[in-house]
Amino acid sequence: MNERFPLLLYDLATANRVVANEGVLDAFGHISVRHPENPERYFLACSLAVCHHHAPAVLPYCISGERLVPVFILGGVLGHEVPFWDQRDDFGDTNMLVQRSDEGASLARALGPHMAVLMRRHGATVVGRDLRELVFRTIYGARNAEYQTQARLIGNVSALSAGEATLIGAQAEQPGALSRAWEYWVTRLAKRNDLPKRPDSV
Amino acid sequence: MNERFPLLLYDLATANRVVANEGVLDAFGHISVRHPENPERYFLACSLAVCHHHAPAVLPYCISGERLVPVFILGGVLGHEVPFWDQRDDFGDTNMLVQRSDEGASLARALGPHMAVLMRRHGATVVGRDLRELVFRTIYGARNAEYQTQARLIGNVSALSAGEATLIGAQAEQPGALSRAWEYWVTRLAKRNDLPKRPDSV
Amino acid sequence: MNERFPLLLYDLATANRVVANEGVLDAFGHISVRHPENPERYFLACSLAVCHHHAPAVLPYCISGERLVPVFILGGVLGHEVPFWDQRDDFGDTNMLVQRSDEGASLARALGPHMAVLMRRHGATVVGRDLRELVFRTIYGARNAEYQTQARLIGNVSALSAGEATLIGAQAEQPGALSRAWEYWVTRLAKRNDLPKRPDSV
Amino acid sequence: MNERFPLLLYDLATANRVVANEGVLDAFGHISVRHPENPERYFLACSLAVCHHHAPAVLPYCISGERLVPVFILGGVLGHEVPFWDQRDDFGDTNMLVQRSDEGASLARALGPHMAVLMRRHGATVVGRDLRELVFRTIYGARNAEYQTQARLIGNVSALSAGEATLIGAQAEQPGALSRAWEYWVTRLAKRNDLPKRPDSV
């Protein structure tokens, strides 16, 4: 077995708890990652990670269909556009779970090259190249939604330009920013005595 | 005495604390259940359980009379329609407590075959076939109200279709979904050191 | 010294912490009570207690001048009308602290026979015949403000009738309701390990 | 080395934690202060302190460009006017970090003689003559933003007059008010077992 597995599993458990602790995940949200040696299995991945959630801040956009746009510096991690997917369009009345391969393929097409996709009346799916990037994008994406809603209530929303979103995305993907935020969220988790048990080999 | 009573009482205490911990119950909300062998007494029931609450998320609907509709996948547990009851209609000025049998009968008529009824300027009453289903419906019903309000503020509300609500209701009533959510909420309660004392016989 | 003083001081400390724990008091809010044997001193009172606060839920009414009305069963404890007082009307530009006797007298006139008065751009002052009634009215008054705001955002606000407010007020003043809520809030405080030290004589 | 350094460092750590504990600072907000003997270094200062933050309450103003005005007694610490600065105006598309000296100089010009400046789509920068004044202004500035937003949602916003803001500012700068609030926030931090370690020499 790959010797990095225990640490990756530990990071995965920590990532799930961090996102829950920041108010984004509920009982049915989850972070899943691809097995690095067997792409048919979903556990761990150095190269791709996915977070599906029903964050309270994001659901108003899923319900209303209003566009979610980056409205503050750290919201730039969402990219300049967040597409929608409505399971109803291709499949009519369903139980709204994405269970069949054609449902998954339809969702993947809607995501395309973007960093997140909003699922109508359901939630969001966010992608990242590793767990730290994924958690960063998930949490600041939810914060952006919250601030956009509040700004909309008192006036007009002024979004980042495409150029700003690109420059901020490049900045945020640097290890320094990702590590600073990751350590901040892990510290908040540790203060609540809620860190998962570290593997013995670490 | 029925040997299942201690465990049912434990579950009832846990259910009350779970719903309070998730921000739905206040000092005067409560879950009450029918005695399984004596329908005149209200303590425990395998077959029917009731939660009365004044959840902050639901009260704006009780106050304004705006319709509460299922707006996201887990809100499907509310069913496609949530009726209103206004004590004032049948009884004029009262202290708004449901104390007399004719007041209870009037409320029951308004509930009819539905899963919840909103009481004008007062709160909500939710029914379930057992404690887990009741808690699931109570908490996700309150979450649905919260998201509907936020969606209304930024745009138009797009509700689940009747077909989606029916399919989701069937899915959510399966033991797997109910148990997953129940365990999640009980874990959150345990992290706050707030679980009730387990009966010795368990 | 009156032998009930230590217990009254304990209750006063508990009342301050309860109201802070429920999100109503900040650094400058406080509950003050009249000395039972010397009305010139303010510490303890069986007969009158006052809470001055800047609760987040109430300030939007102080700032906008919109009327605060009882909108749900427990909001009935506010009574049917909550008057406003604007220090600017009688005294022009001040530091907005009520420090002089003529400022206090002006505020008292605005309160009149009511249960609470809203101070423009400042906060609220609530009165009660004892600490339990005062805490009950202060907390449910703040909850009422919160629900009224949310209801206003999604539709029209339907208030209690004057008859309902009177009947509910009579009900809420009974020791049973006051004790139930008091014990609930004290339990919440105890779970946070935040109860004041009990006097030795109790 | 200046013997007051350990205590100032302790106060600086406490100030950062207080502002985070009150919901104003996130992973990238921070309080920085000038070295008292070497103005080229930024660590400690008796004479000037700066807090940069992305408080949820303030961001809607940064995003919408709506004016933030003092709307309640303690909001008077913001002064009568809070200017805006838009990095885009002078520098076009950037990563929105203030990294170059000409970017810092542009921001300082926008701040001018005021107590705070709002940075469009980014956050706020607040100044104070010492840590207690800075923390007081930062926290009550954020509270003011929160209340202004809520008041705007239910009616018209009535602001403090320039005279009131001046009189309140003078009052709030007195050591008594600053110490009372500081002790309140430090107590809240202590209850969460989150105070930094005190230096041995204190």
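In order of appearance the chains are A, B, C and D, and numbering begins at 1 in each one.
Here, contacts are C-beta pairs under 8 Å (C-beta built on N, C-alpha and C of every residue); 3 or more make two chains touch, one makes a residue touch a chain.
Because the structure is a prediction, the values reported are computed rather than measured.
By the document's definition of touch, chain C and chain D have no common neighbour. Distances between chain centres, each the mean of the C-alpha atoms, put C farthest from chain A.
Overlaying chain A onto chain B using CA atoms gives a rotation of 90 degrees, to the nearest 5. Look at the contact of chain B with chain C and you find different residues on each copy: under half of the numbers used there are shared.
If you average the CA atoms of chain A and of chain D, the two centres end up 30 Å from each other.
Centre-to-centre separation between chain B and chain D, using Cα means, comes to 43 Å. Listed for chain D are residues 152-153, each touching two or more other chains. Working note: touching chain pairs come out as A-B, A-D, B-C, C-D. Note for the complex: chain A touches chain B at residues 26-28, 54, 56, 59-66, 88, 92-97, 120-123, 149, 152-153, 192-194. Across the complex, chain C is touched by residues 71-74, 76, 143, 146-148, 150-161, 163-164, 167-168, 170-171, 180-181, 184-185, 191 of chain D.
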